[in-house]
Each structure stands twice: as structure tokens, then as C-alpha cells.
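Structure provided below as C-alpha cells; questions to follow.
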Amino acid sequence: MNEFWVLVTGSLVGITCGLTGVFLILRKMAMIADAISHTVLFGIVMAFIITQSLNGIWMMLGAGIAGVITAYLVQVLQSNGLQEDASIGVVFTTLFAVGVLLITLFAGNVHLDVEHVLMGEIAFVPWNTWTFMNLTMPKAVWMLLFVLLINILFLLGFYKEIKLSTFDPIFAMSIGLPLVFLHYAFMTLVSFTTVAAFDSVGAVLVVAMLIVPASTAYLLSKSIKRMIILSMLIGMLSAIGGYYFAKFLDASIAGMMATTAGGIFLLVFLFRPYEGLLMKKRKLVNMNNLTIKS
Amino acid sequence: MNAIEVSQLSVAYEDNLVLHDINLSVPVGKLVGIIGPNGAGKSTLIKAILNQLPNKTGDVEILGHSLDPKNHLVGYVPQRNAVDWDFPTNALDVVLMGRYGHIGLFNRPKAKDREKAMKCLKSVGMGEFANRSIGQLSGGQQQRVFLARALAQEAEIYFMDEPFVGVDAATELTIINILKELKAKGKTVLVVHHDLQTVNDYFDWTVLLNKTIISSGPTRKIFTKENLQQAYGGKLFFMNEKHNEVLAERGGLNAIR
Amino acid sequence: MLSGNLLWVLAGASLLGVASGLIGSFAFLQKQSLVGDAAAHAALPGIAISFLIFQQKDLPLLMLGAIITATISVYLIQGIINRSKLKSDAAIGIVLSVFFGAGIVLLTIVNQSSSGNQSGLNDFIFGKAATMAKSDLVWLSGSALIIILTCLTFYKEWKLVIFDTTFAKGIGLPVNLLRFILTAITVLTIVTGIQAVGVILMSAMLIIPAATARIWSDKLVTMIIMSALFGAFSGACGTLISSLKTGLSTGPIIVITASSLFIFSYIFAPKRGLLVKIQQRRKIAKRVLKQEVQAS
């Protein structure tokens, strides 16, 4: 039964992150997600210091606010002339350092150690349950389902808007789409996704689940819908595969999930149709044959 | 009523004024070329009229109203390089984006919108490429798709930012013919353009710009040596088509008819 | 109190600050600040692998492993960008997170073995500047000196390669070799730094001093020198502040010092500072207003 819940949690992480990741890749904001996954620590610590509780809702709120603050600060630095990569770097390392410092100062004794936040411990997920409407499930599963639901609702409501503002923001502005609202709403979603996922896989490895499956799907897709479906499938596959590999090696489950996602990416990168390295070589050989013939 | 009425428009980036004190009236039903040297603020002018710039002062009226995307009066073709052409989508889908303003929030495109988009795509000669990934289209084909998207907006006034950059001759001809059709239907079209050779053939109304309006009016009247010299600061180099040699004539603009 | 060990830590942190300030400037100009972040994460599996192979925690051996995987990561990022439609942000994110994930897997495997249990490899994630052994600090200072000397040697070549590669090739510079040396030295800086401040905060040392210096100067020489000074100042200040009270970890304090410098510069610097910019905007608004008044 415990194994079952670990697999459910992992799959939900894969699906939720896979969904959010698609637009992160298309909007070229993968590293903003990386930044948010680090600054979420700051938000959680602040939430703990203010409320003195480890309640999921407060953590979610703190993380959401920290995520939006991160996105906003990066935007401010950038619009004042600092290049994008440096803006991201300055903001997230600073907030992360403040977060680490606050933990050591104010929250050293509670179950909020930095290592846990960074690496997660999915194996403990089944022990921490919550009952709602006579249904008892691990807290992490509840959180992930909740965030997945918000993600799906957001996409159902704003699919064509977020698509157009991603593809052609200038045109989107000319027909009156609320670009700023869409940007920050999406950033809030990324923060929610991060905080829901990091309890199980850890903040740094959330980045792997956000970026890697979506990138793999991007290489295989000519339409967004296909990319979304593939990304969620690959995310789920990475989680389940990662769990069994980790069990076999008796190693970190979260780390193995990220590594599996990386392995799938590598395979697709090398063997993808039309553009893969092998295909390119074969094409070259064909071309050589042609020249010899003619 | 004029199609566009701009008064006292100024735009600043950081510490320099990119456009200053623009006053411009364009009548309905003209095909307008916006001409000027690099850095004259041509694209900025369009963006300012479309209310896309924060540091803007002055007033803009479109067909007697202040700009509101909900009126669907304006169609827009941005510069082609402003877009990521690796985006996973196909030509028809891009054209369908032109309907989004009409479809509105929370609604999905209907069959009617799809038909309209397909019709627009066919009208630019791209019907057979509807399902092609946009990344696999040539520069000229991409530009036609952008034009089709603007047509799908069913607007009254169209703004095009450098539509002829990096496209083949056939596409340029297709585009200009479509623009002339639009004009014949009573629409107004503004085009940012930089090929002086074709101004006389393409546009019946010209706006000469260099940070401020140098001159604007019927092309025949205002496309003169004196005005061009003023806009380009007398540093114009001209290609003599017959001999194919560069005549660096300071102020001697014989190539212009 | 300036005890003997604290003096060593102080010297090490300052030298590290100078080295990362110098290298960070070059990374900044190449728009590769976040590549450094990825390389720092990618050092982790290298450290674990070299421990698994040699079963020792000799710093030079661990550093060698780290250098190898970090260098591979930099070239992988380049490869992904060159050979697919993925953009740099995705390529960096993929490499960073997968290498780090693999590193954590390897660390858990190391921790299973009896010898690995006490290896203290986990320290590489968060750094342990204050408690570093003297021998480690000697290594740290030594490699910081190597980095600084290399930067001085190749300064003008790197400048040209970064600014205009085609031209550099044209005048016969060995561009690929120069780039490789720059990458190698960048990786050496990162690997040197992570034992002191940890994987994540090492990126801060590369990025923040360079970004701060850029606010103050438009000239490369000045920018690099200022960046090195800011780095040294942050390292020294951070070490001193954290020695005042037990429980203040050195790494975060160093970074927060660097950030404070950045925020101060961001607001008050001449030319590019926020206050000056606000003033400029007001001036323009006034100018425009005047013109409008005159026009009407």
C-alpha cells in the first residue's frame, strides 16, 4: 500500500509538472522556474516564522507570494537594463541565501531543514495522511490533486490566450489580451506546482520534472496539444521508472526520478525522428551514396 | 472623419526622445507608406498608435474613437522576427489566432472561425500549407501567413511592420496585390517600408518620418527630392539600376523619378 | 577574535571572492551566468563518482572528478542548443537538474557504504567555509591564485573572443582553445568555491559581483577590477560577520553581503542607478510638457 501511494504521488508530480512545464519551455522561462523553485524556500520560511505552523495552506500561500515576488523582481531588474540571466541569478541566489539564513536562525529545530526542502523525501509521504469527505489519502496527494485541478482549470479557461501571448506577445497586445495578468497568473501557478511537488521530490528536483519532460515532448511535437499530452506521459513515466530504479539500487527516489527523466530526454535527443543524431548520420550516408551514383 | 488622427504624440526611451510632436492625419481608404531612415522611429510610431508603449504622451484617434481592442477596428502584422518560429503549431492555427479578438475570453474557436481562417489562408495563396508546421515555411510563406492572420481580424485599418523584409519577389507581389484589394474595399493600410524605389508604385499616400513628421500627404505631391533630403539628412546613397553602380551623390537624388 | 584558523578562512574567502569576481565578469559578458549555475550543480556527481572510485576524500581527487563532470555539463548545454530547437534556458535547466539529480542518487549510494557514511560529502551542497581544515584552505587559496593569474594572462584575448569571435578568428587567434581555457578556469573556480559556500550559493558568487560592477562601469577593465573587489569584500565581510555569532553559516552571509552591495549600487550608482534614472524620466517629462505648452 505504501508503495502504491509513493507511485501515485510520483505520477501526480510528473503529470502536474509536465503540464505546467510545457508553457515554461515555450515561453523560454525554464530558468525562471529554477529561480522560483529556490525562492519558494524563502516563502515557506517566512510563512513559518509568521504563523509558527507547518500547515500546508500557509506554506502554499508563502510559496505563491515568494514565486510572484521572484518573477516581479526579475522583471524589474530586466526592464532597468540588467541582462536576463544575471537578473534571474541575482534574485534567486539572494532570496535563497536569506531563506537558508532564516532557517538556521529561527527554524533550526523544526522539521524544516534545508536538505528536506531541497531533496524531499517521497518515501515518507504515505505516513502523513489527511481525511476529507471520508477519504483518507496522503497529504501530498491531496495537495498535488488540488494544484493539478487549478492548473487544468486555468488552461481550460485561458488556453488560447496563453498560447497567443506566448507565440506572439506583440500581436496579443494589439488585440487587447491582458499580458501582465496572464504572466503573473502563470507564475503563481508555477509557484503552486513547485510547492506541492517539493514536499515529495524536493525543490531542486521539481525543476527537473518541470523542464525535462516538457523539453523532451517539445522535440517530438508539432502541436501544443500533443506536446502537453506527451509531456505529462513522460513525466509520469519518469516518476514510475525512477521509483523502481531507486528501489533496485536502494538510492534516492527523487534523484532517480530526475535521472530517469534525463535518460528519456537523452534517448529522444539521440534517436528522435528527422533530427536525431543517428538520423543525421544516416542522411549523410545516403547523400554520399547519391553523390557517388551521380 | 479620418482613419487616423494623431496629435502631439511623443515617445521617450531612457533619456532620448524617439518621436516628438507627431501630428498626423490619414484619410480613410488610403494605402500608406511610412518611410524614413533607420532609427527614424517608424516601428515606434505604429506601436505608439496601437498603444503598446508606456512612455507616451499625446492623443490618437482611430476612425473617431480612442483605441479600444474591443472595437476590432485594427489589424496588425508585427515584424516577422518578433516571433519564435519553432513554436509547435501549424499555419492554419496561426491564422486562427487572428479570430481570438472576436471569439473573446473563455470561448473556443468555432467551425465558422476555422472556415474564415482557411479562406484567408487561401486568399494569400497558402491554402495547401494549412497543416504545415510554421517552422518549415520559408520566410515569404511565413509573411503570407502573418498577412492572412491580419485579414482574419476583419479590421478597418491595418498596420504592417516591414512586411517585405526577407521575402521573395513573388510574395512581395502577392502581398502588395492583397493590400491594393483591401484599399479597393475601402480599408486603410499603413505599411512601414524602406525601399524607396517602390514607394511610387505601391503607395498613394506617404508619411516621411525622422523622429518627427517631415511631410505627409499624397505620394505624388510629397515624395520629392527636397523632402527626402530633409528626412535622410542628405546622406542618401542611390543605386543606379541601369549601370548597377553606386552613385554616392550627396543630395543628388536623380534616381528618384 | 582573529584566531589562526579564522585568518586562514578570511584569506581563503577573499581570494575566492577575487577569483569568482574575475571569472564572473567573463561569464556575465558571454551571457552565461546561469551556465555557471549549471556547472556548479554538475560538480556534485563528479565528487561522488571520484569518491566511489578512490574511496578517499582527498580534496584534489574529489576536485578532479568535479571538474570533469562540470566541464562535460558545459559542453552538453552547448550541444543541446546547437543540435536541437531547444533554447538556452531549457538546455541549462535540463543539464542542471538532471546532473544534480544524478549527484543525489550517487550521494545516497556513497552514504550506504560504511566508509562513505562519514565522508561529509553532503557538505558540498551547502558548503562549510567556517569549519574547513587548514589543508583544504591551502588548496582553495592555491587554486584561487592560479585562476587570478590565468585571468591576467589571457585578459585581452578573452575580451576579443567574447566581443567578436569572427574577428578574433580572422586575426589568427586560437578561438576554440581560448574558449576551452576559459571554460576550464570557470569550472575550476566553481569547484574551488563549492566546498566553501556550497553548490547553490557558488552561483551567487559568480553572478552578483559582476552584475554589481556592470552597474558602475561601462569599461571592461574597470568592470573586472570592481567585480574582483566586490567579490573580495563580500568574502571577507561575510566571514567576519558570521564569526561573530555561532549558528550564522558563512555561505549565506557572504552572499547576502554581496547582494547588499548590489542593491546599494542599483539604487545609488551614478549613470545607471535607479535614482538617476527616475530623475532622467522626470526631466524628459518636463521637456515634453514644455514643448506641448509651446505648441498649443
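When the chains are written out, they are named A, B and C in that same order, and each has its own residue count from 1.
Simple rule for what comes next: contacts are C-beta pairs under 8 Å (C-beta built on N, C-alpha and C of every residue); 3 or more make two chains touch, one makes a residue touch a chain.
Molecules present, by chain and UniProt name: A = Iron ABC transporter; B = Manganese ABC transporter ATP-binding protein; C = Manganese ABC transporter.
Owing to the predicted nature of the structure, the values given are computational and were not obtained by experimental measurement.
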Central chain (distance from its CA mean to the mean of all protein CA atoms): A
Dominant chain pairing [most C-beta pairs in contact]: A-C
Longest centre-to-centre distance from chain C (Manganese ABC transporter), chain (CA-based): B
Whole-Å gap separating chain A (Iron ABC transporter) and chain C (Manganese ABC transporter), where each centre is the average of the chain's CA atoms: 24
Inter-centroid spacing, chain C (Manganese ABC transporter) versus chain B (mean Cα positions, whole Å): 45
Rounded Å distance, chain A (Iron ABC transporter) centre to chain B centre (Cα mean): 40
Where chain C (Manganese ABC transporter) touches two or more other chains, by residue: 85, 277
Of all residues in chain A (Iron ABC transporter), the ones touching two or more other chains: 28, 218
Chain C (Manganese ABC transporter) residues within the chain A (Iron ABC transporter) interface of the complex: 28, 31-34, 37, 41, 80, 83-87, 89-90, 92-94, 96-109, 112, 122, 125-126, 200-201, 203-204, 206-208, 210-211, 214-215, 247-249, 251-253, 255-256, 259, 262, 266, 272, 274, 277
Chain A (Iron ABC transporter) residues touching chain B - in the complex, by the definition given at the top: 26, 28, 157-161, 163-164, 166-168, 170-171, 173-177, 218, 221-224, 226-227
List of chain C (Manganese ABC transporter) residues in touch with chain B within their complex: 85, 277, 280-281, 283-284, 287-288, 291-292, 295-296
Chain A (Iron ABC transporter) residues touching chain C (Manganese ABC transporter) - in the complex, by the definition given at the top: 25, 28-31, 33-34, 38, 77, 80-83, 85-86, 88-90, 93-94, 96-98, 100-101, 104-105, 108, 114-115, 118-119, 204-205, 207-208, 210-212, 215, 218-219, 246, 249-252, 254-259, 261-262, 265, 269, 275, 277
Residues of chain B defined as touching chain C (Manganese ABC transporter) within the complex: 8, 10, 12, 14-15, 17, 20-21, 55, 57, 86, 135
